[in-house]
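Two complexes come next, and they have one chain in common, chain A, joined by chain B in the first and chain C in the second.
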Partner chain A sequence: MEAFIVFFTRYLPAFADGFLITTWVAALAAPTAMIWALVLIIPRLARWKWLTRLVDGYVEIMRNSPLLVQMYLLYFGLPLLGIFWSSIVCGVIAIALQHGAFLSEILRSGIQSLSQRQWEAGSAIGLRRSAVIRLVILPQAFIRVLPALGNQLIVLVKDTSLVSAIGVMDLTLTGKVTIERSGASFEAFIAVAMFYLVLTTVLGLALRVVEVRAARRYG
Partner chain B sequence: MFPVLQSSLPYLLQGAVYTIVLSAIVVVFGTILGVGVGVLAAVGGKALRAAVTAYIFVFRGIPVLVVMFLGFYSFPAMGLRLDAYTAVAVSMIVYVAAFVAEATRGAIAAVPAGQLEAAKSLGMRKGMMMREIILPQAMRLLIAPVLNISLMAIKQTSYASIVGAWELSFAAREVVERTLAAFQIFLGVMIIYFVICYPLSLAARALEKRLAFDH
Partner chain C sequence: MKSILLSRGRALVAAALFAVGAAGAGHAQEASRLDEILSRGKLIVGVSSESPPFGFIDENSELVGFDIDIARLVAKATFGDETKVEFVRQSAAQRWPNAQNGTVDFGAQTTTIYADRAQQVAFTRSYIDGGVVMVVRNDSPFQTLADFNKADVTIANLTTPTQEERAKRLFPEAQIATFDGIAAQFNAVKLGRATGAQLDGPVAAWYVKQNPDMRVIEERLTDVVNTGLFMKPGDFRLWRYLDLVVDEMTGGYLFADYSRIYEKWFGTKPLNTKWYLNQPQK
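== the complex of A and B ==
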């Protein structure tokens, strides 16, 4: 235990840097994924049949193959097209592409769970379909699936650990590098695990507060 | 049309076999351990319940990749000489079991209270009540969540390649390093994973729907 504390304090700056990078990747990927999810449900709401089918296919492939391989595809594939993005950008985009698919499924289930009368009521007071979606459907669906969106966000934070595989110096890679440098072994990953636990717990608590507030205000 | 993918397909499929075997081991033992832990928490005392809660909280809060590294580096420190594949398998079993345990607790809690009261009024003891009344109903509720957890686990076996265990994703990286055909290979590998996962995905969705209609 004492050895662990000595090790921990000695390498704290490195872990803190890794922690910041992990937070940064998550902070970039989460809003990007959410925006992508909203884009993905547009064809269904606008009743563009072919595009809806295309999106459905995309969502199925994203949901049923590993994020790591998708990330490799971007990171090793894009340079062949003459596109040289940094590993952090590739990582963020890969995460957003997969999590956008998951989030759009969640939003879709929220929209489907609303009563048909909401649509009818909206058009009965003279709103156009686009206005009904924007003012009536989406806000209610969003509140309803807030817990599911929050869970997905926590999965996203944990998935940022994969950017270590393409060379981003996040918490996970910091753990590995520290082992090589310090001669410590699993202690490094106990420290890494603690940092992730703090991150996901704080985020989970914050999301809980948001959920309770939203339920009280709109529920 | 895709010469590199065609010529390396046998190699990749061999990797897919390793992926499937790893997935099967993780899913089977993870489910057994997870259900066991979940049931133990339901019948056990306060201390046991607290321990299970802590276990679930910790493992659900950290990335599986970190758990793999943790296992990979701690087994030698415990005097166990395991290869990367086994280390990953053991780590993943413990990780997946935490999710299954949480689902088991949820399924047990979802059995209507009236069932419990009826069993009590028949004079059943706790163990018998669990075995005869609660568990059979809870297990039914557990099938769809466990399928979803299995899907998660199958996709996560690809992270084993980062720790150094040879399976489909590792094989894919080897081929790409040799041939630079990143698009063909990684797209092909995504399709192989899709073929493995999609039937399970459909089954999970169908079950969810069927169970939803029961209520």
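== the complex of A and C ==
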């Protein structure tokens, strides 16, 4: 334990830098993924048949291939097309592309779980379809799927560790560098895990607050 | 009935005497993993399987490389048979716990000796010098190391600490990108993500041979680093034994074998650490 504290204090500045980078990647990727998810359900809500099928195909490809491979494709593949996005940008986009697909599936399940009568009631009081979606369907669907959305966001935060493979000096890569430097693999991974735990716990608490408030307001 | 009791009593006494004797022997000779290795009849060695030409899988799916042959040479010195060795493939990060918890007797994994690491594992003396070179694309205009000290240059590093320190010292103006594998580091340069990658001389020679569109900058990044076998600390006899074998390889009776292995993988003969013995007397 004492050895761990010595190790921890010695490498704390490096871990703090890594923690900031990981937080930054997550803070960029999570909203991007959420917005992308909302874009992805538009064709279904608007009943654009062909576009809906296209989105279904996209979701299948995204959730059936590993995020790491997608990240490699963006980072090492795009330069062949003359596109040189930075490693952080490639990482954030890869995360948003895959997690957007998962999040849109969650939203879809929420929308489908609502009774058909909600749609009918909306149009019965004279709302147009777009207004029914905006005022009746989406708010209710959101509340139903909040726990699932929260889960997915926590998975997203943990998946940011994959950006270490394309050279982003995040928590995970900081851990690997620290291991190379010290040979103390156990201590380093414990420290890395602790920082991730801090991040996901804070996120989890925030999500719980949102859930409780939403339930109080609409439930 | 009585005789059984008596013999039980005798057995107890004998066991107690034996325990005392064994404890006495323990004082005379420290228990060591070396005894375990000798009675087991083979070595268990941790190696890399993804660091050509030190330890990698060849086109016949065989584990080969300089470190593999060095481990076989230790087996030959120990048992007179270079096949008496079992290899455990481990990643760079895995090598430390595997040595510390005794999964392997020792590691032979192009492991550079640093003070930080020597606090966690016990190193033998160096069995091969390491030196670092810069790899660039063939179409790169860069010829000398001075060309790399510019703000629009990105140096691809491995996660090792010396690479980071060296890059910051030699190229303070340049950007740094860090990768956790040599292949990713190399590809970053090949695909134009980075301008140059710091690689170990032998590793760079190997990769450039496989990729004719890449070349090595002639000017070396000068640092010499030492590479040791490493093991769980605190086992004096095993550590002393392996250190002695390494000493014999690099400048003793095992040098002929060592020299053959070295030439097989690097194409040149190594310098005997006792090279001065062949110098003419003044």
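Definition applied: the second predicted complex is superposed on the first by the 218 of 219 C-alpha atoms of A that agree within 3 Å, B and C clash if a C-alpha of one lies under 4 Å from a C-alpha of the other, contacts with A are read in each partner's own complex, and residues count from 1 in each chain.
We take it that contacts are C-beta pairs under 8 Å (C-beta built on N, C-alpha and C of every residue); 3 or more make two chains touch, one makes a residue touch a chain.
All figures in this text were calculated on a predicted structure; none of them were measured in a lab.
If you put the two complexes together on chain A, you find that chain B and chain C bump into each other.
The partner that reaches more residues of chain A, of the two candidates chain B and chain C, is B. In the superposition on chain A, A:208 contacts neither chain B nor chain C. In the superposition on chain A, contact is made by A:158 with chain B only, not with chain C. Of the two partner chains placed by the overlay, neither chain B nor chain C lies in contact with A:128. Contact with chain B, but none with chain C, is seen for A:200 once the two complexes are overlaid on the shared chain. In the superposition on chain A, A:180 makes contact with chain C only, not with chain B. By the document's definition of touching, of the two partners only chain B reaches A:192; chain C does not. When both complexes are overlaid on chain A, the residue A:167 reaches chain C alone and has no touch with chain B.
Residue contacts after overlaying the shared chain place A:87 against chain C, while chain B stays out of touching range. In the superposed model, A:65 makes contact with chain B only, not with chain C.
Clashing C-alpha atoms with chain C appear in just one stretch of chain B from the list 19-27, 73-81 or 91-99: 73-81. On chain A, the surface patch touched by chain B in one complex and by chain C in the other comprises residues 76, 80, 164-165, 176, 179, 185-186. Only residues 75-76, 79-80, 84, 87, 164-167, 169, 173, 176-177, 179-186 of chain A touch chain C when the two sit together in their complex.
Those residues of chain B that touch chain A in the shared complex are 58, 61-67, 69-70, 73-74, 76-77, 151, 155-156, 158-159, 161-162, 169, 172-173, 176, 180, 182-183, 186-187, 189-191, 193-194, 197-198, 201. By the touch rule above, chain A contacts chain B in their complex via residues 60-61, 63-70, 72-73, 76-77, 80, 158-162, 164-165, 171-172, 175-176, 179, 185-186, 188-190, 192-193, 196-197, 200-201, 204. Within the complex, the chain C residues that touch chain A are 92-94, 96-97, 114, 116-117, 119-121, 156, 159-161, 164, 177-180, 184, 187-188, 191-193.
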